[in-house]
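So that you can tell them apart, the chains are marked A, B, C and D in the order they are listed, and the count of residues begins at 1 in each.
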């Protein structure tokens, strides 16, 4: 039975990547691309695009785009960080785990105007648990300018 | 000189509405419409749309869309709430004020999955000042189900 | 066996009250008193006292006192709100539940200086669940002046 | 006139230290001591004490104490970080600046139970400005165990 199929760590990471990058229309709309993804790290990129502009005179990223990218970076990292702690690696249990993943709360600190051509989001887990995980995220532009910090609390397992 | 043109309260509200609804591409992309706007209240609506979906199986609004709409509701209300306190009503001073408006930090509490056909964001000012204003926001669906709370701190004037 | 003793709702509320008000030294130090407590409401009071002052010239409550009182109001309400959902009312299970209660994150919005003789904290549950609950809290002084808002995310059960 | 007395950077740091450590009764109650303080860094310590306990069985620091210490670390750093940007170094202007300092909002992420004998709070400025500054804070125990993160938004100048 396919539900009892065992998944490797990489298969699970690929599964999550596919889910977030190819099956979530809003992430595609923002043009998110994943450039690094392990059970302890993540790097997401988006390119500046006219439709992502919040302020036409200043040509800066909309704060909602920043929030979206940081939330996805935190959520994907939480999903990946849970993998080494999973007792079962069947596809069924893994999918069940993923279904319960959700953002409880998100804080974004906007440090500087979102100028740039390409933006990179990274995340780190600061609290992990079998019910709740907390991450901190950062958004930088292609020159390394730090644009925003995020803090996210996620429901897991 | 046009810069010294005096604006009425309604002209200023219309100006802000035009800026947020017609000149910010990302707000247009999300399909935001303003259905109430005074110096003490705001109501923004968006319709569910395939491109705004965060989870294709559950067909719910992406958390980043929620954050975006709440941030805009808070920011627009802060801009409107500053009008009665303005010493000068010239277009020049008003535009200068608007330029300095920015989100310092935003917290979103996701209460329930974002199911629905139409979503309504409202906001109230909980702290006003000549440097910083704080608002609380809410997102409900068309059945009155409460989907998210927001808290935003904004730089003003 | 005492561990299998059944507790009534009121006995559980009394148990939580005793734990927070009489067995937590820091709550006693702040002089917290509970003036209303049900499974859906809470009211905590503290009196202004020289030792709680944060600013000697302005004679206002220290922001840390505000955070403390709001956190306790939220945490106690979360503990009470879980009672009607408990499958078992044995003392043992109830105590086990209480032990896992903890604050995950807390946001305080300071609205006005903490002037006053007596301060009242109230709370409401905005998200309840079997793993995580979220509350919003308010602090007012004896004249009804609104001093602070809080938002707390708590681990439960 | 004393109000026009010029203060050196070190005199200003000493002035702020005296204000926070000796003139704020609640900080003294918590036993705060400052062990490092420059215009770009701060280290505050408190010792565990029975009266600071939040949970008598687990003997851990009350979450309100954590919030208090992090808020003070952030606020003091913001006050110090403003010094190099001050146009005037008269005592009068410096005192006026200090008076307008206040916490707008504070988020605390509680990562682990507050076990320990001695706790150290540190802070860094992540956004500085002439109206608002944002800091991130951390609390560790004497073994380097990371107990809490904080994020604070402060009104300045």
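Convention: contacts are C-beta pairs under 8 Å (C-beta built on N, C-alpha and C of every residue); 3 or more make two chains touch, one makes a residue touch a chain.
For clarity, every value in this text was computed on a predicted model and none was experimentally measured.
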- Query: Looking at the contacts, which chains touch chain B and chain D alike?
  - Reply: A, C
- B-C or A-B, whichever has more C-beta pairs in contact: A-B
- Query: How many angstrom between the C-alpha centroids of chain B and chain A?
  - Reply: 25
- Chain centre separation in whole Å, for chain C relative to chain B (CA means): 32
- Note on the structure: Check: chain B positions touching at least 2 other chains come out as 104-105, 107, 109, 127, 134, 151, 153
- In the complex, chain C residues that touch chain D: 23-27, 29-30, 50-56, 62-65, 67-69, 71-72, 99, 102-110, 113
- Item | Contacting residues of chain A [partner chain C, same complex] | 104-105, 107, 127, 129, 131-132, 134, 151, 153, 155
- Item | chain C partner contacts - residues on chain B that touch it in the complex | 107, 109, 111-112, 126-127, 134, 136, 146, 149, 151, 153
